[in-house]
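Shared between the two complexes below is chain A, which has chain B as its partner in the first and chain C in the second.
After this line comes the complex of A and B, so read on.
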């Protein structure tokens, strides 16, 4: 499943890039994130509560950032599983600068399995977009504060 | 038999308890100290199990035990497959996955806890402890046999079997044709979706060494035998009880891993254990149906005469064989002659393993596929030759005097009058007028389509020669000392209403009030061995067993009656439950009807009157005889006390019900939605015991056919993920989408059983699907459409309508 989106944040590209790879900021901004622990450079273990429609549960997994090209680009690989299923995905984040803001464009491939696939598949795209919007909104206020 | 009840619209005696919510399903049975089981199931279609850590789950308060595949691999036998086919590959199907998981929903571990919530929580907590190494999955059969990866590595490929069936020289038949019509067809995977999912309660008494298993099944006795073998308990120490069953449609004609596992766990823990399937488990891990992709080729003369038919088909069997999985496509092969004279028929079937739940018997079980192939291609032929679809059918019907009719699929159709059913359906629908209206509607830019299907099905399964585990059925009928009639049937009705229809048969035959008859079924501790309810067999085979058991019982009753009235048995006549002494001259006039006893009268007397002395009496009721037979003071010499008879009926042939369904649809040009505006069903299921029940069966079957034709499909994505995992996504038809059904019948008795009945449980799902699709294709014929695959979704129709012309 392909997922993509664009968000504009009123801050410099360097500032946004730094926030996007800061585990403490991420933990506060990712909706439902209970813990995010850096185990080695750019490798994290995360616990996250998430739900799509009637399917809710706690996911545990690894987040791996690579292909780091600050402040323009990085790639994120996610693998998580929990009671309601599993999620696997790779996404590219590209940051572009405008006069007064940064435009973050992401696109990725995601695979889901288990109950989330069997009952939530048709809602995943919408749910992912909603989570992304929440995330970027939180990120923006985090950067501004 | 005085037909006081048989043939009448007697209301179902089962209904009051069902409607009031007073019936007992498995989940309604509560035993003190019951533990609850939840399953950890695979979320991958294909993966290697590299480790299972159960420690977190065991920490959950209330958890008593966790079992994994490795714990029990050698302790419970494999899930059985009863189908026997030449060179069939049978994978070792363990009750819990051991090395690999092969489909989404494959059970990996069982968690036992003091309540069901703790069990579910622990199962969810356990799942991340299952280490799985994902493998690529085998999913689609649309383009033929999938070659890689090989699911069961030791088999070398994914082919479970290949089989060719049919009679006649197919090559010569095709050569003799003026032209060949060819059509690829997809029979999508369906989920049976019984309203009550599966459920098992097992209780072991360690002292008595007795295990009782309550299961929502269609086959209590066959299940008992198989569970005894799987668990290793003597069969006479195992009792299977089938309480109320909320529908099966074939999905409970099976032996499931969970049934054996629950029995075994109860034996380990010495406590009752219960598992009630959730709807999501039901869609993922209860058998599916259909799932064939095939191409039919028909040789035809220019006048529409069929010279031969060949069907090359790939059947998607799923990852393992359940009880009858590989046998289902062979039933397709048997029914490829449909209602027609086809000199040569050949089916070449390849059964393949895929990373999905097993397919097996779903209402119709292989015959809907055959009927769809034949009835769909009849319309393709009509279009090819520019003939009315009715003419092509008539051209190839056998005549009523040609029965028994031998088909090139090796069957002998028992009786039939296909033209009569077709004519009745045409008259009832006003076919000619419909065609005129269709023409007018087209001129006004409306899309109306008319489709029909003249089906034949094979029922009353069946002679034991053709059945994996016996094809007979049993009945015990006894008259209790109080005159009440008890019928114990080996059939196991689960919605069909045989508590009513068998009581009708018994009440008429014994000559008592319907309320005096109780039909008992579904308890191996009470009922003699039986086969079960499936394949539209219960009335034709099980009802006949009831009838003949009563004949046996009455032989004895007549002997006692003669003794009590001090006359020769040949001087007795029997009418309305009463033996009468006849004058010598009158005795010759047998079979003469007397007025029947009004409802409510007759039986009560037997409770109060002591049936002695009888000297000088000219009449005695069978219920009085029952008391005398139990008191045993006035029996003829060498007569056993009691009044009971058992009969095991073995049918000599299948029965072949038939009929014509006509469907009229209107298609919304803006949305592509299909609306059924008229539906006429004329079915011939032989003699009818209860027209209400027959109508109910026909209605339910047509509804499921409409589901297949227009809405339903079990969808797995490319990774083998089940994406239609519950009823939000699996498009079961709703009441608001259903049309009015005009049902009628013709009646051609079957010579196969003395009741003359044929069976009707699956007629709707067999006969209706092609009528609906034929109607949609007919509606879209102005767009050049010759065939559409099921389910015919609005999107596909809309795209056809919106496609640029030319």
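After this line comes the complex of A and C, so read on.
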């Protein structure tokens, strides 16, 4: 499944880039993130309790940031699994600067399997977009404060 | 598939259900069980307690008072489909009900359960939006009325607060022309696209105002305001309807899945919107 989106944040590109790769900020912004531990540089183990309305599941997985080109680009590789299924994917994040804000564009390819994929297929894309919107909203208020 | 262990409590009154819900934050309300139970069997949901309100008789009714149609939340799809009162006064509801799932689902599933679950492809949310329904929610603190426009918040998420139960659906009678058309998924019966059209027309084939509810194509059901604006004050001829219907996906993030891509859904939404408006307009 391909997923992409754009979010605008009222802050400089350097500021947004730094926040996007700061494990403490990420932990506070990723919806349902219970822990995010850095095991080596830019490699993390994360536990996430993701919930869409009443459907909840705990996921555990690895997050790897690479191809770092501050402040305009990085790539994220995610591999996780939990009760309802597994998720695997790669996403490219590109940051563009405007007069007073930064536009983050992400574009990724995700594989979702297990129960969540077989019964929730028709909702996965909407669910992914909803979680992404929550993440960027939290990130924006984090950067502002 | 076998669900995780859970407790079960059957409420005999709404007050009893509200008390139980207030004591158990993670409890789920069980209505007809045709969304909740399948999700529990797959262990996508593991509530510790189910509070069954499906047998509270006072919550199952269709009547008319003060120019409004009032439907109890535990009224089944079939009761709505077969209601003579609704066929006469608000034909969109029986028509919409007839499209839901299969006979077994319609005999058990309830309008309140479906609205509170807010599946992005469920049929009722489109009808509730098109009819400008008011949804009455109760909690231990009292009762409040939520407009359908404010009720559907996001994917599987409604404006109901924890501790609140949907009690009644209210619809104002207005003598409008109505239709619900749908392309169902061939396996699940859920809407790939579902369109509810509710038109107020004057004598000279002109549309005074329109409300169009769309389900199945986005994260939640929504009103196609672009179509409504294009319809208001326009003559209901084929060209005008086709032009208006093209606005169905204006400012809307359309979802795709393995069965139907976003582009295909966008196309279908315009086609089914056109058909819904044409059908409604033919029923003056």
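Basically, the second predicted complex is superposed on the first by the 140 of 145 C-alpha atoms of A that agree within 3 Å, B and C clash if a C-alpha of one lies under 4 Å from a C-alpha of the other, contacts with A are read in each partner's own complex, and residues count from 1 in each chain.
Methods note: a contact is a pair of C-beta atoms (placed from the backbone, for glycine too) under 8 Å apart; a residue touches a chain by one contact, two chains touch by 3 or more.
Owing to the predicted nature of the structure, the values given are computational and were not obtained by experimental measurement.
In the superposed model, A:71 makes contact with neither chain B nor chain C. Of the two partner chains, neither chain B nor chain C is touched by A:23. Using the contact criterion defined above for the overlaid structures, shared-chain residue A:119 touches chain B and also reaches chain C.
Once the two complexes are overlaid on the shared chain, A:89 sits clear of chain B and of chain C alike.
Looking at the shared chain after the overlay, A:52 reaches chain C, while chain B stays out of its contact range. Of the two partner chains placed by superposition, A:31 touches none, neither chain B nor chain C.
When the two complexes are overlaid on their common chain A, residue A:129 makes contact with chain C while staying clear of chain B.
Counting contacts as defined above, chain A residues 57, 83-84, 115, 119, 121-122 meet chain B in one complex and chain C in the other.
Those residues of chain A that touch chain B in the complex are listed here as 57, 60, 81-86, 111-115, 117-119, 121-122. Against chain A, in their complex, chain B makes its touches with residues 43-44, 104, 123-125, 127-128, 280, 283-284, 717, 719, 721-726, 728-729. On chain C, the positions that touch chain A within their shared complex are 28, 36, 38-39, 42-47, 117-118, 120-121, 154-157, 185, 190, 218-219, 253, 255-259. By the touch criterion stated above, chain A contacts chain C in their complex at residues 52-57, 83-84, 115-116, 119-127, 129-130.
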